[in-house]
Amino acid sequence: MKSNVKNFKAAALKSSSDLTRRRLILNALRNFEVTRNQKQALFQDWGAARELAAAKKWDAILNLDKNIELFTKKLESNGAKVHWAKDAESARSIILQIIREKKAKLIVKSKSMTSEEIHLNDTLTRAGFDTLETDLGEFIVQLRGEGPFHIVFPAMHLTRGEIRELFQSKLGDAPSDDPEALTMVARRFLREKYIKADIGITGANFAVAETGMISITENEGNARLVSALPRTMITLVGIEKIIPRLDDLALFLPMLATAGAGQLISCYNTLYSGPRRPDEPDGPSEHHVILLDNGRTKVLADPVARDLLRCIRCGNCLNVCPVFRNIGGHSYGAAYCGPIGSVLMPIIAGIEQWYHLSYASSLCGACTEACPVKIDLHHHLLKNRRTAAKTIPVWWQKLAFKIFNLFACSPVLWRLMSKSGWFLQFFYVWSVKGTCLDPAYPWTKTRELPPIAKETFREWYKKHE
Amino acid sequence: MNYHRSQKKLFVNGIKNMNDKDHILNSIIDALKRKDKLQASDSALLKPIDQVLPSVPSEPEALIEMFRKNSDSLKAEFYIAKSKADAKDYLIHLKNQESWKKIASHKGSIVRQIIEPLDLPLYWTDDGYDVHELAKCDAGITECDALVAQTGSIMLTSRTAGGRALSVLPPHHIVIATRSQLVPDLPTALQIVRQRFSNNYPSMISFITGPSRTGDIERILVYGAHGPVKLTIIMIWNDQG
Amino acid sequence: MHVKLFIPCFVDLFYPETGKAMYKILKRLGLDVEVIESPACCGQPAFNTGYWDDAKVAAGKLLMQMRGADAVVIGSGSCGAMVKVFYPELFMGTEFEPIAKEVSPVCFEFCSFLVDKLGVTDLGARFPHKVTYHDGCHSLREMHIKEAPRLLLAKVRDLEFIEMKETVCCGFGGTFSAKFPMISTAMDEVKCELAIQTGAEFVVSSDSSCLMQIQGIADRKKLPLKTIHLAEILNMQ
């Protein structure tokens, strides 16, 4: 879709021109790398941990058929209600139906990238339901009417001053721009909401088949409250999150925290196995768990793409990606941004609409190096490009490569090209260079080009051979 | 994300949902029939988990030190009480220091013994509670199921710690633990979960590591978010006295 | 030892001095050097853009030229990665696949050839300047070359070496630099800032394309940075 590409390029240009914002993000991510590396060093063998985590997730995927049935069985025997949603619309209508049945007025949400994926908030708002994000970062971007900037740190693009102004204008409560004080503003505002809310909606980081539990990782305690106080709990979970054994969490929880947040372990890692039990004093009396496909089985069916299902949504690929660092999450225009988004979106949401994301990369491989479950992300970008070239080839690009091949494969033509290039470049420099007629304008707009040498290497070699 | 798909509206939502289940299950089974690149990993080449996670010492004193170090770095307070009496005294000290007016707890066998002499209005959650009253409490005191040295974490459950909200709603969470509850690492703690609860799991099992925090503003770590702003762990050395 | 030397297209056209330096060094070391005259390109631009069939045209010809040597020395990390790492995938399922797999193990990027194959780190070079080193991403992450260039620089007389604070892509990325110039330029700016912070006069690399990117911005913005290929330093007595 041409407009997606245009929008992306316009957004990327705007973001990369905002030097102050770029500096803020670069500094934040550089500081993060320091703490992340410190925590990685605590592991006896981070490299081996990645191998093990990749293997465990891979085995989970290989046995998804068994695991999903066991998970469902266990969860249902714990009293939860399991729903199946083959796509975004299905998930949205299931959630709407539950909300309507419960006659809910106020809904509180903890962080859920799957809910971003299915555009849940817009749907609920349009249907007239008051839906509040409770994770501080999500709360902030919700007040701004934006999506998350980063899949783990949704508001990292904002300065404390901007957040203070936001809280002042939307909440009337912002005594200072000190991050601690601002956090307390959100705490004060949301406290009442947890208590009043009829429904709590959560995501899940993992889903344990053996025991029928969902696992939620967080630092703020908002998910703990969202899962404790409202009478009805809804959890939206992608089917690729299902792992076979409880024991696996001993590896995944520290790795998720280390790679994603630069902490050995997050503050709250909580397992929920259905609604409150008869001998418990609180908790939701109903727990609905929605298993979401929305393209995941499509990825599973693709031998080349299926290791993408190993992703644990830690966001580390975003942290290290120089493209993300310079253009930010909003430029991608998609629920998932950064390298994982650039790989996934063309596959699950259509190569025609999203192919440009797979091209918007220098293939540096920093993402692959950073991924705790060893997904070969940058090679996936190459594979997506191959799919794009097959499905939506660009005629003039193909022609250009064919012509280049002619010159590159013939010593005579190559010499002709280099000699005429050397000759013509004098005219080029004086006439079209830097103008809109310049064929190298994408380069020369911001960078100088080296001259074509009077005597190329091959010409020199022929003379001196 | 099927932007271009139009869904046929089926008359009965139940049938629609059943279709989705079959659809997903069949898709998974079909997908897994494509055997290319589906080989399982060679487990012989992988290091076991206890050789990749942060190492833990075996001596009890060293484990306690590890737990202390981890709690300290996360701004949790860790106090070793010689006995239940000492724990009682420490709670009195906290009450005075923090100017508690009302605290909440549950009737766990150990915690009950320690907090009853506190001479404070006590709010028990065991038989249900008014959440507004709980929200007014200055502190929530709970027992726990384990302390994990490797990470400085507390493991507790909705069954054994007075419900889901007691350990997260009041601004100060105090955990009463015993020395025997200290385990070396996460794998051990998860084994305890399985052994202790096997077929009758509590609806919530939580690993708590430090007071609540957030890094959402400029990625600067701030302690005290929606959960407790303060976390105190009192480990009773000799819980017989 | 019979080596075949492949000087990639942009080195041939824009940086012939780099190619000359590589050739001269190999000759000085007493090797039997055969320069691959044609094709001039390894097929990476078409491959990276997704047009694998078009990439195979030049790549197939180059592959055939590379057979039969004790070692194939490639004058850039990105082209080296293309041949060593990606040719086996590009030609998978074709008659070229076994050839690609035969050539791959004997392929070396130039600096890695000197150090890892020949065990040579001291070429008697002298370069009395302060330099920093840029690791091209293909060299670093596809060919796993990190130590070799540093070992070579350590033996250059009167050279002062300072490491940049961060290892990050320069933003070239082949056609990416023209398709998404705003992003490429932004990444380039970050790279140049890191280089300037070291106080180095020269940015050195074993990837001419990266040097082209860095020098491109340095010249446009009149930054106090010069670029030079490691081979040219090693050729300076």
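In order of appearance the chains are A, B and C, and numbering begins at 1 in each one.
The definition used in the following text is that contacts are C-beta pairs under 8 Å (C-beta built on N, C-alpha and C of every residue); 3 or more make two chains touch, one makes a residue touch a chain.
As the structure is a prediction and not an experimental result, all values here were calculated from the model.
Each chain's centre was taken as the mean of its CA atoms, and the one lying most distant from chain C is B. For this structure, the chains sharing the highest number of C-beta contacts are A-B. In this assembly, the C-alpha centroid of chain A lies 27 Å from the C-alpha centroid of chain B. Computed from the mean C-alpha positions, the centre of chain A lies at a distance of 32 Å from the centre of chain C.
A separation of 52 Å divides the Cα centre of chain B from that of chain C. The residues of chain C lying in touch with chain A in their complex are 7, 9, 11-16, 18-20, 23, 35, 37-41, 45-52, 54-55, 57-58, 61, 137, 140-142, 166, 168-169, 171-174, 176-188, 190, 212-213, 215-217, 219-220.
Those residues of chain B whose C-beta lies close enough to touch chain A in the complex are 1-5, 7, 13, 16-17, 19-21, 23-25, 27-32, 34, 36-38, 40-41, 43, 45-47, 49, 51-55, 70, 74, 106, 125-129, 131-132, 135, 151, 153, 158-159, 162-165, 168-169, 185-187, 189-191, 193-194, 201-220, 222-228. Those residues of chain A lying in contact with chain C across their complex are 9, 12-13, 16-17, 22, 26, 30, 322-323, 325-327, 359-366, 368-369, 382, 384-390, 393, 397-398, 401-402, 404-405, 407-411, 414, 418, 421, 440, 442-443, 445-453, 455-461, 465. On the chain A side of its complex with chain B, the touching residues are 24, 28-29, 31-32, 42-46, 48-49, 51-52, 54-55, 58-59, 62, 64-65, 68-69, 78, 83-90, 93-94, 97, 117-118, 134-137, 140, 153-156, 158-160, 163, 179-180, 182-184, 186-187, 190-191, 194-195, 211, 213, 219-222, 224-225, 227-229, 239, 246-247, 249-251, 253-254, 261, 264-277, 279-283, 287, 291, 293-295, 297-298, 300-301, 303-304, 306-307, 335, 348-350, 353.
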